[in-house]
Amino acid sequence: MEKQENKEGIKGWLNPGRYGIERFAYWLMRLTGIGLLVYFIAHIYETSTILNGKAAWEKMLDLTQTTEGHIILAIVIGMCVFHTANGIRLMLGHGGIGVGKPGRPDYPYTPRSINMKNKLCIYASIGLAALAMMYGLGVMFGE
Amino acid sequence: MVNSIEYDLIIVGSGLAGLRAAIAAAKKSSKIKIAVISKVQVMRSHSVSAEGGTAAVLFEDEVDTIESHIYDTIKGSDFLADQDVAERLCTEIPKEILQLEHWGMPWSRRKDGRVDQRNFGGYSFPRATYAADKVGFFEMQTLYDTCQKFDNIEFLNEWYATSIIHDGQRFLGITAIELSNGTFYTIKAKAMIISTGGAGRIYSYSTYALSSTPDGLDMAYRAGMALKDMEFVQFHPTGILPSGILITEGARGEGGYLLNKDGERFMKRYAAGKMELAPRDIVSRAMMTEMNEGRGFHHETGVDCLKLDLRHIGDEVIKEKLGGIREISLKFSGIDPATEPIDVRPVCHYMMGGIHTNIDGATELQGVWAAGEAACNSVHGSNRLGANSTSECIVWGRITGELAVDYIQRGIPSTPFPLHLVDAEEKRIYDGIFRGRGDVNPYEIRQELTDTMNDKAYVYRNETDLTAGLKKLRELRDKMWKHVDDKAKEYNTNFTNVMEIDSMFRVAEVVLIGAINRRESRGSHARTDYPTRDDVNFLHHTLAYYDPKEPIMRKHPVTITKYKPVERKY
Amino acid sequence: MRESIVMKVHYGTALGAVALVAVHILFRLTQEFSKSLQYESVIANYEFLPYALVLELILVLISIHGFNGLRVILLELKQGRGYEKAVTYGCIAAMVAVIAYGSRTIILASMGMS
Amino acid sequence: MSTTQISEEESQTIVSSPKSIILRISRSNPQTGTAKSFMEFKVPYEKWTTVLDAILEVKKHFDHSVGVRYSCRQATCGSCGMIINGKPRLACFTKIVELNSDVVTVEPMNNFPVIRDLAVNFDRMFSTHKKLKPYIVRDDSEITSKTKEFLQTPEEVEKYIQFSSCIKCGLCNSACPTMATDSSFIGPQALAQAYRYIADSRDKGKNERLKIIDEPHGIWRCHFAGSCSMVCPKGVDPAMGIQLLRGYLLGFRR
């Protein structure tokens, strides 16, 4: 079926070189969403060990409070910040805010929905995520 | 065994005329099964390229009158129009403009919210109803989208009709090929409307879509219907180089100038009253004269051209009202019309001639109507005014759609289907063309044929050129080009291309013979050897009937009601 | 259910989560990082009822949001009646399971059951 | 051999070109099971030569059997969408010189079933378009003898005119990431048309259309990736239309 329809398939989700930063944001949004979901489930499992007493909890801490653990946590912080910030941009966009006003297009056509405001928000989301990650790393390794 | 399907009404051609007919028929009866057949996908028909406007009298409450529209049309036609037909066009079209408006047409508006109109060549008032400069495109969209309301309209996208089947009196069906898989079909039906559009691709420098070949005309011609007035080919003054894409007359309607090498608005010498807004035949001749006398520019592609200057109109107006040609000019010539004049040259644009019909669009074969550019109901005579063609398509689309339904509803006695004709057609196209043999490249033959037409039957014509052209055409026709190298069934455009070329030969021949026979200059047909109009000998239409040897030419009277032919001056 | 209602819930839960996750993280930041992870302080947190309530809310909101997001991705990935049904119900089931499992921790911990 | 088709009244002038590119054309015929492969042709070009011109040059002189759809050659009919050097574009509206490359690769559009070579099947897009009621919905849309036009100011036209420029070329559907995997998604082309009619002051079909697009493979499967708008050759900006349309469903707009 897929073959017959000449669908691009999952690799068609990315293509930032072809379509620019908006497409990258789209893909990051997916990736961070899934990443967060995985972390979230893991986190619930992690915290559930508290019910098994201090020993179990500390065993879990030993497992997670490692360098790898901290790096993963930092990535999660980054993902969370990007997903949140970009999510807010998307929610506004989906409501029709910041996508431009309809009007006669003049050649050469530059779509109004692909605008600086949105691009800046995406860059800002990525920037914030990076900052948050650094801050997180600082907190976690800073002791 | 040949595959067979059945409808009540088939409409071949899905331009403005075909789609308007489909809606008229579907609206009249929801019980009638309608098929719209098109060799391109329905909404891609050539009509989308129409740019400038649709003529109609909308402001009778302000200045305009229908009477004036009628007279302008007849005068524009150099008095070869059938006057009752022109009257029908002008009285019917205002309603159609409103109907399109009600169906969602994005007409450009005046500040007060009413539909706006612009100036166009040959009219006494601004009468071209417009939607920026994409009139045909928006009309096609409106009609295509409105068709979606009706469940009894079926689109056969990319089906190539090859012949009309009849029993000598009455229409019975057609044969067609479904391009996506190459299946050959007979389509039986009670009535048919031919709206296959113009055939301007018999010229190589042409504003037409690449699909505007004469297959529809040829189909009717082979089936015994007459082609009328084919010698009248309109050359639009402003095609851009090198592609021949049109710069709409609306550009001059909005105030554009034509300039020669000396920066002079030369039209003052040819039509001082109307200047650039004289009818197209006059402007095109003026341009050819300017270039022939050495006052043209030399374009880098090697041909001469003149300049269309829009700079004084201003960037904002150009963007607002001429956005399409701005896009074309920027893209294809790298010229922004707001800062630089555009290179233009007269270009094949419209065929006044077509399948002979009466005022109702009925052809000589019972059950077949023709509408739009493929038809010749003689509304345009020897020269069409700009913006009157889309009007014609819409008006006769509706008329023929309704009449065809009436005809079907009256009931038609059933007759045995002449299967031998289907066999003969299958032989013609599969044995004669698909499995044909030869070593001459058909595409090169096509190029030579269209170049010959450009060379020998352009704006100015004369006996020597025309006969030389005819001779060349026959030589080309007899070469071994009728073969199809692509043997696949699926989407075989090589096959359809060769069939198109086959039809071009027959129709181009009629154009040339008609032009040779008409020893006068009238409207678009300008003979340097007979430079004046001759109402004594040539105030008649030309009919051409098919014969395997050579077309049989006849005369047909012009209907004159109120307006006696007078000298045509602007 | 109309897709618009599902998606409004998706956006709503996202907005709710923004607020609550902020609280959650700020709460953690009131203490030093490593200290905040110590068994006693975690238990103390759970036993502070308003905070436990916040945790429960976060759990519910993010589960709904996250699993609906997963459903969206899976729906776009492949189509077909059976598959789409399986995705929808699968996501609901997984969501319920995660909420139940998480709630167990919160309820038991906040009641001092450990 | 010349690429140009210019001819004039007096004589045909052939402009020969020293420049040429390698045109790589994707060939396939799924109905006979012929898998995709590329054929290469050396094609001369001028500064005005479009990719469509180059393909037709091949069809004319090197290989008649190239399957390609075209008609208007002026970017108004929507026939010639294809992937050119990796991006969905109109062949007749892409000049060779713009591509800045000695190799030009043309492939059929993604996310449409291939009929043959460069020609793809549009059936699904057309039927989706139909499903969204792309016409003025109101009781008095048929005229009577007393009808006057529905008044509409230039400002009101401005609200929908850009969406009305859609030539149904399908490039947007080919670019959209959702379309890359979701074969039931309505797609940007049809969604933009739903908005075009809703934004028209003459139309009264808003609620009907909103209902149709509000389904699991409807408007919600757009994630504002914006690729549709980037490839649209007519400035339609479907991404904007879709977000504005969604605004109605989310209660941001009335």
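Note that the chains are named A, B, C and D in the order they appear, and that numbering of residues resets to 1 at the start of each chain.
Operating definition for what follows: contacts are C-beta pairs under 8 Å (C-beta built on N, C-alpha and C of every residue); 3 or more make two chains touch, one makes a residue touch a chain.
If you're wondering where the values come from, they're calculated on a predicted model, not measured in any experiment.
A.B. asks: What chains do chain B and chain C have as common neighbours?
C.D. replies: In this structure, the chains that contact chain C and also chain B are A, D.
A.B. asks: Provide the C-alpha centroid distance between chain A and chain B, rounded to the nearest whole angstrom.
C.D. replies: Going by mean C-alpha positions, chain A sits 57 Å from chain B.
A.B. asks: Using Cα averages as centroids, what's the distance between chain A and chain C in whole Å?
C.D. replies: Those two chain centres are 17 Å apart.
A.B. asks: For chain B and chain D, what's the span in angstrom between their mean Cα positions?
C.D. replies: 25
A.B. asks: Centre to centre, by mean C-alpha position, how many angstrom separate chain C and chain D?
C.D. replies: Using C-alpha averages as centres, the distance is 43 Å.
A.B. asks: Going by the touch rule set out above, which residues of chain A reach two or more other chains?
C.D. replies: 10, 94, 104, 106-107
A.B. asks: Could you check chain B for residues that touch two or more other chains and list them?
C.D. replies: Those would be 327, 331.
A.B. asks: Show the residues in chain C shared as contacts by 2 or more other chains, in ascending order.
C.D. replies: Chain C, residues with two or more chain partners: 11, 77.
A.B. asks: Strictly by the criterion at the top, what is the full list of touching chain pairs?
C.D. replies: A-B, A-C, A-D, B-D, C-D
A.B. asks: Would you mind writing out the residues of chain D in touch with chain C in their complex?
C.D. replies: Within the complex, chain D touches chain C at residues 178, 181-185, 214-218, 220-221, 249-250.
A.B. asks: Could you pull out which chain C residues touch chain D in their complex?
C.D. replies: That would be residues 2-4, 6-8, 11, 72, 75-79, 84 of chain C.
A.B. asks: Name, in rising order, each residue of chain A that touches chain C in their complex.
C.D. replies: Within the complex, chain A touches chain C at residues 10, 30, 33-34, 36-37, 40-41, 44-45, 47-48, 50-54, 57-58, 61, 65, 80, 84, 87-88, 91, 94, 139-140, 143.
A.B. asks: Quick check on the complex: what are the chain D residues that touch chain A?
C.D. replies: Per the stated touch rule, the residues are 30, 86-87, 108-114, 120, 158-163, 165, 175, 177, 179-181, 183, 199, 223-227, 229-230, 232-237, 239-241, 243-244, 246-247, 250, 252-253.
A.B. asks: State the interface residues of chain C toward chain A in the complex, per the touch definition above.
C.D. replies: Where chain C meets chain A, its residues are 11, 14-15, 18, 21, 32-34, 37, 39, 42-43, 46, 59, 62-63, 66-67, 69-70, 73, 77, 98, 101-102, 104-105, 108-109, 113-114.
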